[in-house]
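Letters are used for the chains, namely A, B, C, D and E, taken in the order the chains are written, and counting of residues starts over at 1 for each.
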Amino acid sequence: MDATSFAEALDFAIGREKAAVDFYRELAALASFAVQRSTLKEFMTMEEGHVAMLSAMKARGGLELSSAIAVDLGLAKALAADEKPAAGMSFQDILVAAVKKEERSGELYVSLAAASLNPEAKAVFERLVAEESRHKRYFEELYEAHIARDN
Amino acid sequence: MNELATRLAARYGARGWHDQRADLATIVLDADRLRDALAYLRDQEGYRHLSFATAIDNIERGVFTLVYTLRSHDKGHSLIVHADIDRQKPVVDSIHLLWAQAWTYQREMKEWYGIDFPGSPRVDEEFVLEGWEGPPMMRRDFDSLAYSDATYAERPGRATSDPARHMKEQLYPEAAE
Amino acid sequence: MSDKKLKPAPLANEGLSPDERGLFCDAAPREYEPAKGVIEDFYNWARAESLWILGFGTGCGAIELRPLMTSRFDMYRYGIQARPTPRQSCVFVIGGYASVKTLKRIVRSYEQMMGPKFVVALGSCTINGGMYWDSYNTIKRIDQYIPVDVYITGCMPRPEALLAGFQELKKIIKAGKGEGQNIYARDFAWYKANQKQIIKNWDMPDYNW
Amino acid sequence: MKKEKLRVIPPAERANPDLESGKYLLMWQGPQHPGITGNMSLKLIVEGDSVVDCETHVGYLHRGFEKLMERRLWMQNFPLVCRIAVPEPDFNEYCYAAALEELAGIQIPDKAVWLRTLSLEMIRLASFLMWIGGQAGAFGHGTIIQWSVTMRDYVLDLFEELSGGRIYHMYIIPGGVRGDVPAGFFKHVLEIMDTVQKNLDDIELVMFHNVVFKMRAEGLGYIPADWVDHYGITGPNARAAGVARDLRKDLGYLAYPRLDFKTIVGQKSDAYERARLRLLEMYQCIDLIRQIVDQCPKDGPFREKLPNPLYWKIPAGETYVAAECTRGEYGFYVASDGSDKPRRVAVRGPSYTHAVAVMERLARGVNIADVAGLMVSLHTYPPEIER
Amino acid sequence: MDIKDFIAPFAVWKRAFEKPFTVKKPIDERPGAPRYRGFHINDAERCVGCGTCEAICMNKAIDLVPVEGREAKEGDSGLRPRVDYGRCCWCALCVDICPSGSLNMSNEYLWIDSDPDVFRYTPGVDKKPWDGAELGYRRAEGYRLLDEQRVPMAELGHREAVKSFLELVQGYSRAQAEKEADRCVSCGLCIASCPAHMDIPGYIKAVREGDLDTGLRLLYETNPFPEACGRICTHLCEGACSIGTGGDPVAIRWLKRYIADQVELSAYAKALPRAEPSVGKKVAVVGAGPGGLSAAYYLALLGYEVKVYEKDGEAGGMLRYGIPEYRLPYPALDKDIGYIESLGVTIKRGVAIGKDLSLSDLRRDYHAVYLSTGLPVAYGLEVPGDKHPRVLDGVAVLAAATRGEELGLGKRVAVIGGGNVAMDAARTALRHGAAVDILYRRREEDMPADADEIREAKAEGARLIEKSIPVEVKDAAGALAGKAALFVWNEAEMVQKEEGKRPVPEAIPGALREELYDSIIAAIGQGPDLSYVTEEDGVPMKRFKPLVDARGMASPGASPKGGAIFAGGDLVNDRKDAISAIADGHRAALSIDRHLSGKGA
């Protein structure tokens, strides 16, 4: 994949965020009780916010993302989420899936940025790397605070 | 010392001998035999020195307890003699003829507790107070702080906070009392 | 203090026998009228450098006056000395707590002192009652009854602190700010009312000079 | 001049002079008067310049200690008691602490015993030093006070170093003392003792071999020995009358039984004898202090742990603890009703009888000019009368 | 009279040439002695505003005043002592008693002013020339008015302890309890730190005075689990104790236990308040843990008919199934629960909401429902191989131990985690004769478990392996396959990655370690089981837990047909300890009462 312009790069990112929305929607369909659905909806709404934000940026034609990369708490690497969450999924299952997803996005943008020839697109991807790192950090912090309290 | 207790019991109905220390004992007498007993102690038993005399307001029992502390330098022993008198009718025999300084103690007790010692020199004169209008101030029902607050001006501008209450106001005001 | 501006109460030396009454002045105290300019400055310098203390130990504070009077601290070299009578003194040292009985003598002695006169108050007790704050027989604030020029904290204030207090008093006098006597004259009715409120057997003249 | 002739024993009965007759004059000595010790007053009736009758008036320093103490916690009274007698606060501290310890059944460490003894002897010396200046001054002899008060100040410096306070030491706390001696303290003590002793030698020469002092003091205020019990006279006033009573020996409290000293007894029982006896007792103090410095244990705890002072309750009971102060028997009667505050504390000060009953009797027939000297020779201190 | 009397006085002329006594410049030359009791100085940072100085001051010279820029916080009232030098007598009892030792005296003694109103200041806050004075009165070495040492608690020796499930802590005798209670200064700093805001000074006073009925009544005012809390409470109060600033904090927890232990259950009714007459309304409580039963107790007192539903066979929740017997013996817990039941609270044991009954059933049948179901779901290790049969969950192990089941942990046990569950699991394993390693991702000081628990676990023989990041669980080779597992972890170092945040463990590349264990107990954290709540119940939720308002109500828009839902305890709050659950239960009871009676709506 070779993004050639700012708009295309953003379009790509918007697509990723939309896929994320779908990811949570799919999970929600699997869910068996209310709190799972409400939590997934919470995350889904967040991703929809990202979609809206990126779309607005695209319309304005300017990139308004911080370049600050959030500190990696190192959880994503340690977590093993081979399996997809199932019907009885716990908060841990959901968060692990979320962390992993953000990590994958981050890695993808890193490689995209490296591969981009167009400096504009490259800049966009670099900013997106930072953005995804912050999303991951958000989930990692939730994980530390709610799941691995004792470790 | 128990022989003394026995003698005092036989002669003056003294009771409740208690050895506080090897050289200090207490004993209780009836007020109406107090003067005779003190004279006996002074003249026959060697308790020639009157250390002091005072009173305690035992308001719960409705009595003033008189405290006479005698010392026998020969025996190296002190004896505290107690006698209860009615708080409503506080009159007791004066011992100013037994000891030449006793009238001062009696004057003090008159002023501080309102205990009367008929015949004691200057017993009705003011002793340490002047123009005192309150009740005898050593009585337990006289509240010194209340009197002071009502009578003497205090420098204003002081206020204190209770730590627990202050913390409640600051940290968890919502909690019910 | 606004409540000080009481209307002067009708004061008189009534209650005294006629021949006794004749022994006292029957007029309210007056404020001091300073001389003109440099002359007054000179007077103030002279006053400041010859503080004559009334030898009246009203409380525990008296005990630290003795070291001050004697060789170790030697207050004479500062122009300070003790006098046996109020008529010769210009500084009254309130040595701490004052019982009601003593306060009566304090008032009387203070009024008999020659003007300009100054008061130095020692110790916590004179400021806000000190450790006798709940006593039925001691006042808490001496400034309710006579004006005070200098306060020295401590219990007891050391001789050095007393000396520093006298030095402070000297500064005040030299600056012409030793107002105690004038305040007493101005608020005479207020002071008298306060005094009479607690001195229950008022068998002395209202005007003690 | 035969001294015995000067010994006038005043009449037992009070005179009842007719003041209207114009023969007598009523005069007040005190409270504001240079010839009075402390803040008290004497109402004198004089005929010519001799006193016909004397009445003591006290109460100028009445603060109501005994009432206030009933309002305060046991431990809170500890700072209060020392104020009862300003020149020698430590006797109050000791008597109060010892009474509490006795009632509560507390044994204090040996080191505290020694340090208490030291502080009592030091304050005895300081108080005597102040007194001797007053005694000389009362007879118009101004030099002694210039020396002795400075010597006293040196002793107070020691107290300041030991306890942190000059006048009110608040060192003897129930349970022991408040701190060990600071480094080098004993050395300072010995140095000051040498200074004081040297000065006492001077005082001995200047005061006791002074013809004016001798003439005025000898024969003044003669106390017959049989008054001692009758008036409750204690301390140097009793010893000067030949009655060998010293509570340090008789009660054997603190470390006194372990110290080597003899009760000093006089004979002539007049103002001069009393002054001389007190001078000897000052030498004795210095000697005792040196012995204490020598024998005081260097290590060990100085205070027994007590319960929380905020709630300390003392079992019901009563006791009377006395000590020999400079003027005689100083004692605290303490009664507890088992609560956290005293039920009753009564203070027995020797001045109570010396300054009132004895003084009133002795003043009769004395020249007005000698009243002050007589009063000082009884070594009285008003605050312990009225508390 | 002889000639000497005329001549002798002249002898002292010899002193004329000696050094005079006079001090040249007294004010400058004579500073106070090193121990001089001068004006107060206070280290405002060390001071905790407990007011003990004010309490001991017999002159009422000290006020506690708010100080600008200093807020109240845990263990610090934010107030500071202000001294009135119109009262002070320089006795320094305040210095002698000061728990933190922050209050001292300088050797400065000069303060002269014409204005009598200036002689007051707050040491350490108002600037004074003598601030920071090196010299001045300090309390002597080895001398304090307060006892800095706690009355030692008799405990089983560690060697003895691991041999059985006997209770470790023996409890105080009367003399010991009264002595320990005597250490308290009644400052009340602890009250704010206790989630239930118990009247701690009040019940300590009751112990001191031997009035245990009053003590028990004060305990039950805010906490119906004194036996349990007296043993296992996280005792945040002791962390705030002012006495702890200069010594051991008062053993508040043991004193609470003392009260409850000393009063027989049969005597409780005499000491405690009776229930109000019935108000004719019913409340259901889901979960018979400390929070649920607290709510039940206070509701019953207020006259409600309360039924508690418990999925397990016994009531007590985590107190019973999570906390081992040696810390909280069952008879003690039964006593607390027994008293609550004696008030007419019905506990339906073995009834699971969501299975046997639905939440909507409860809403239909009761005027209000209180959810206090806690955190029963153990979270997994989430490393490859974590589904190995020898990887157990800590909560389940503890519950099985409570039920008396055979645990079969084997000889070598690893416990992963640093919380109280991990410690309890480790110590349970020790008591079953296993050798135990505790592996924790961070350092010992970061461990969320109580310090006591960690100390005791180590003393009983558990090995603590800090800074170990779980990597993988591998099946054992050969005959042991399926019966033992290799736990692989990566050694880590703590890296301070961000300013103001706690350091992060970062794996040291290549530093992999592994060890063979018969059992690996994961105790990394727990989550709620909310499968019984449906959308119809109208409970808003966020981050996998119910959202409650300040009253503890979880169903703000509940339909008028059904009872309102309240929730609390571990399920909702972040503290996740018994005392917080109890506090939530108490608060919910009051809120439910207000809601149902229409009072203060």
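Keep in mind that, in the parts below, contacts are C-beta pairs under 8 Å (C-beta built on N, C-alpha and C of every residue); 3 or more make two chains touch, one makes a residue touch a chain.
Values in this document were obtained by computation on a predicted structure and should not be read as measured data.
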{"item": "Intersection of the contact lists for chain B and chain D", "value": "C, E"}
{"item": "Chain occupying the middle, per Cα centroid", "value": "E"}
{"item": "From chain B, the most remote chain by mean C-alpha position", "value": "A"}
{"item": "Most distant chain from chain C by Cα centroid", "value": "A"}
{"item": "Computed distance of Cα centres, chain E from chain D, in Å", "value": "56"}
{"item": "Where chain A and chain C are represented by their mean Cα positions, the distance between them in whole Å", "value": "85"}
{"item": "Distance from chain D to chain A - Cα centre to Cα centre, in angstrom", "value": "90"}
{"item": "Whole-Å gap between the CA centroids of chain C and chain E", "value": "59"}
{"item": "Sequence positions of chain D contacting 2 or more other chains", "value": "59, 62, 64, 67-68, 71, 79-80, 83, 147, 150, 168"}
{"item": "Of all residues in chain C, the ones touching two or more other chains", "value": "71-72, 101, 127-129, 131, 133-138, 140-141, 155, 158"}
{"item": "Residues of chain B whose C-beta touches two or more other chains", "value": "128-130, 137, 142, 144-145, 155"}
{"item": "Chains grouped in pairs wherever the two touch, ordered by label", "value": "A-E, B-C, B-D, B-E, C-D, C-E, D-E"}
{"item": "Residue ranges of chain E in contact with chain B within the complex", "value": "49-51, 54, 62-66, 71-73, 77-79, 84, 86, 116-117, 120, 187-189, 191-192, 197, 201, 550, 590"}
{"item": "Contact footprint of chain A on chain E as seen in their complex", "value": "377, 379-380, 382-384, 386, 416-422, 440-441, 448-449, 469-471, 497-498, 504-507, 523-525, 527-528, 530-535, 537, 539-546, 576"}
{"item": "Chain D to chain B touching residues, read off their complex", "value": "55, 58-59, 62, 64, 66-68, 70-71, 102, 227, 229-232, 234, 245, 250-251, 317-320, 322, 329, 331, 333, 335, 343-344, 346, 348, 352-353, 356-358, 361, 386"}
{"item": "Residue ranges of chain A in contact with chain E within the complex", "value": "32-35, 37-39, 42, 71, 73-74, 78-82, 88, 90-92, 94, 96, 142, 146-151"}
{"item": "Chain C - residues contacting chain B, complex", "value": "100-101, 104, 127-129, 133-141, 144, 194, 197-202"}
